[in-house]
Amino acid sequence: MSDKDTIILGVIGADCHSVGNKILELFFTSEGFKVVNLGVMVSQQEFVDTAIETNAKAILVSSLYGHGEIDCQGLRELCIEKGVDPIILYAGGNLVVGKTPFSVVEEKFKKMGFDRVFPPDVDLKQVANLLRKDIQEKFGQARQKEEERSL
Amino acid sequence: MLKNEKIELKEFFELRKEVLQTWPTGQDVSIEEGMKFHRTIPEEKRFAWVMKKALQEGKLLLQPRAGVALIDDHIKLLRYLENEGQADLLPTTIDAYTRQNRYQEAEKGIEKSRQAGTSLLNGFPAVNYGVTGCRRVVESLSKPIQVRHGTPDARLLAEITLAAGFTSFEGGGISYNIPYAKRVSVEKSIRDWQYVDRLVGLYEENGVRINREPFGPLTGTLVPPCLSIAIGIIEGLLALKQGVKSITLGYGQGGNIIQDVAAIAAINQLAEEYFRQEEFDDYELTTVFHQWMGGFPEDEAKAFSVIALGAMVAKFSGAEKVIVKSPHEAMGIPTKEANAQGLRASRQAINMVEDQVIFDSEDLAEEVELIKKEVHCLIDKTYEMGAGDLALGTVAAFEAGVLDVPFAPSIYNHGKIIPMRDTEGFIRIFNKGNLPLTEEIMNYHHQRLMERARAEGRVISFEMVTDDIYAISKGKLVGRPK
Amino acid sequence: MLKNEKIELKEFFELRKEVLQTWPTGQDVSIEEGMKFHRTIPEEKRFAWVMKKALQEGKLLLQPRAGVALIDDHIKLLRYLENEGQADLLPTTIDAYTRQNRYQEAEKGIEKSRQAGTSLLNGFPAVNYGVTGCRRVVESLSKPIQVRHGTPDARLLAEITLAAGFTSFEGGGISYNIPYAKRVSVEKSIRDWQYVDRLVGLYEENGVRINREPFGPLTGTLVPPCLSIAIGIIEGLLALKQGVKSITLGYGQGGNIIQDVAAIAAINQLAEEYFRQEEFDDYELTTVFHQWMGGFPEDEAKAFSVIALGAMVAKFSGAEKVIVKSPHEAMGIPTKEANAQGLRASRQAINMVEDQVIFDSEDLAEEVELIKKEVHCLIDKTYEMGAGDLALGTVAAFEAGVLDVPFAPSIYNHGKIIPMRDTEGFIRIFNKGNLPLTEEIMNYHHQRLMERARAEGRVISFEMVTDDIYAISKGKLVGRPK
Amino acid sequence: MSDKDTIILGVIGADCHSVGNKILELFFTSEGFKVVNLGVMVSQQEFVDTAIETNAKAILVSSLYGHGEIDCQGLRELCIEKGVDPIILYAGGNLVVGKTPFSVVEEKFKKMGFDRVFPPDVDLKQVANLLRKDIQEKFGQARQKEEERSL
């Protein structure tokens, strides 16, 4: 594979939790992705603009502080509006206010248009594998062509 | 220009006009009316008085964190913590939009919460409720109550909540910027916090004592004690300059018992030293110990042990206050029940050790001395960089990485230092970045870290840091390889 | 006549015939078949082997208590504790009818439990299930498994469970009589436990090592360390005489951290001393620390703190095993979930302190010396009263109150000594009854108790004892006046 | 009042928990009752025989170890059979196996004929007051006569 897949990381809204974000950057870089990390307090606009600029395959949104539900609404719509669809959208962290059964959280965020949703204690290795699989599935055609060219 | 000098009243009132205009509720704030109300508050409901009493009696007071979007629910919550939780001190934790002065979004959060019938905000949007709303909170409770937030520009929040009758206000120009914000310059936040401190000084001059509490734990993640303490003392000095008299310096549990107990001892000794050096002598100094501020275990049984050990160490340390976590910590804002469980578990642990005298060992003296030496390096250099002016020095120090908070989100922070645990779990510094620590000190840190590397049969690497960050939540203190 | 001598095989097998006749399942017991089965058990499933490994590696192993009436439920329960609880060692706690050899009532309990679909017994009636039933339990699990009970006459229970493949057996002629029975003479119970130890010795002589564990906590209520330790060592010596080689001496948390850590240190030093004095030298000695054995707080949050602190102190003490309580302790036999919660909370607390070195302070050495002096008084006098024979000495010592367990139900126990806490929470002795403690020792105890009386502004009284008994369950260590 | 009311204490069955029993003895004695304490491991027969001998007004049965449900069945019937009815029967402690809502426990034991049932954390002062009240109600007539005599 000649090019690494670009993915975007960031903590959405007014959220300042920076520790997990730094770890995610380290991790996905070590997993072979090209990571564009927007850090904390990232607006939907910033996510989408960066996706356009970098031709990213996925946006991994973090929300830890509880306002995820409010902050993430409309992100998928904005992606569609700006023409970066079908981009992969993942969400992870403490996505809602208060201890909530994960299935409830998952449903909420899937309804909002996220492809996958993860709890804070998710095994990151597994996420990387899913991400590779999802990229393969959604962008496989394009990918294959690229790979053929590079042969 | 920024300077560590008491803001002139004229300048203060000019600034004030602007501040009060930033949101409609600002119009209702009257400092006079606020003072009048404060004078009706009985002693046992005044933060400063209760903290001082704890100091005199050697007591450790318990305080939870708590805040929800809707005012009646918020009152219900605090009453529950007062009664079922037997909290000694109450909080009002502010939501994260208000912290960023995004009152419009907070308003939306209130709306949506009303619709949902549950809080969709992670705290209480005090500014939106204004003096009248906040006053209702204060009047509904019988314990002293503090504003806890994380707001780089807290001027309007302070105006409203103090006038409403809150008797303590957390934060500071460094500790509520660097860990909580991304693009706010240190110069701006120090200036804005000078305003807050000046406001508190104004109340003080009129006989109303408001307690102030710099936020000790910073990012809550592998923060070396010397950094947390140096920053706390600097914020204390800046506050004293504006006329504040009741100061509570904070520290977040690091995990090694000896280091944690030593840190509180060092805070007291160092604060006295620096405060007196600047010729302050009529302040009231107390300390607050925060139970583990990093990632918690998800399992509630395990979380309880983190809480119990934190409470115990708080008591050993001799702090006057402990901020209590709940068994829901890793998962989300706690229910009132979980919050009260955290309080009751803490109380039990504290009571079981309060009569016991465990620490006078040599290890402790050694660690206190080390911390003191380190803090001297940091603060003295900060003074130097400001040519004697601590406010200017602080700005320069962050610019140069002389003060540097690990894992912080702020672009005004270097983020170069690399802390990690030694083999006994003490937080040490592997890469000092630009911290002005002496070679002798760094040799000691490296030596202790080498011991760990040897014990684990691996070279010192960033992996150790990641392992350490996850450690407590995975049920360990030191992040050993598997 | 009773004597501290190894029972002759001939005598043993005569006794054995009677023992096996006391309940039908006795007929199926074959020591040979049992040994054959034991030889197939892998090392990691053998109690003695795992305890020894923990000693060598400085590890602390976790063990819960658990037992229910129905065999399938019992297996499910233990599997859950093995998996969800991550227990290192498993128990099978025996029901209270079996402990009193009331197998008929146990049978009724099994019946009623079957009908009710839930356990109406407070433990597993191993005798009624016989070797076959017990073997099923052993074969269903992968961790070493121990019989935990409280049976003055445990001969049949031992025959059945050891033949079934259990690799450890708790109890002793004193510790499973005085706190557990009312009308069983010390002479009788020592004799019956000589039988048990001889049985274990028989397995040992045939290459099958069974771990034996005297019950350290006794009544679990304000037991001065010297008593628990003296009795443990005496039971250890009696067991060694019958050929036992793997011994784990126990101690129940008293509540003062220094006293608790000192007690485990003292056990090790004293046991080595007395064991070698009697010229034993090929034994394996380990220790077990019991989390708080007195009344627990009803509130689960508070109970968690008692558990966490107990686990932490167990680790500080250097014991090889800790017996873990659950948050349901004050209320009833725990569900498997609550039991696993106790294990997980304990694990978290242990892991958080395991790398930390807290104790080498002077206080500790002082307390260790005190305990050693006291134990010397007790054991030396016991030897003297038996004219060198420890079994006879023990009978005489209880008769004379030279050994005396506070709050015990047995009519063979004087019940004259009055223990209470000093102002730091150390368990001291106010009234020594007939304990042969020197004046010097008693002066020290009284002096420490006077400090408390002064601190509380009241005279020393029995009320203090009552207050102390309730203290932990009411959220304190020392029972101060309100 | 010339005579103290006699009450019987004991821990029923094969139960060895002696600490609470010792405290109950101290407490009820200090409250002015004449306490006959049978200690631990007391059989139903022993309770009833002692009631006959001492002309007791109440039996306070403790059960801590979990077998209370089995051990207490039939005690009321035995009292009736032996003619010591109407004697007051109280039960207290950890009466059943496992953490159980107290209301369930209470109902079980009331069905068995106990007049009152108490959880382990009961306020003993309150029990003493209830006991005085119950004695007054059940034996009031007799009592009043006694009191008149002593005037």
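To keep things simple, chains are lettered A, B, C and D as they appear, and every chain counts its residues starting from 1.
Assume a residue touches a chain if its C-beta (ideal position, glycine included) is under 8 Å from a C-beta of that chain, and two chains touch if they have at least 3 such contacts.
Because the structure is predicted, anything quoted here is derived from the model rather than measured.
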Common touching chains of chain B and chain A: none
Centre-of-Cα separation between chain D and chain A, whole angstrom: 68
Whole-Å gap between the CA centroids of chain B and chain D: 55
Whole-Å gap separating chain C and chain D, where each centre is the average of the chain's CA atoms: 32
Per-residue overlap in chain C, given as positions that touch at least 2 other chains: none
Chain-level touch network, classified as line, ring, star, complete or other: line
Chains that touch, pairwise: A-B, B-C, C-D
Complex contact set, residues of chain A against chain B: 13-19, 22-23, 26, 39-41, 65-67, 69-70, 94, 96-100, 120-121
Chain B-touching residues of chain C, taken from the complex the two chains share: 255-258, 297, 299-302, 304-309, 311-312, 327, 340-342, 344-349, 351-358, 360-361, 363, 423-425, 472, 475-478
Chain C residues touching chain D - in the complex, by the definition given at the top: 95-97, 99-100, 102, 105, 108-109, 112, 118-122, 150, 179-183, 219, 221, 294-295, 298, 328, 330-335, 338, 407-409, 462, 466, 469, 473
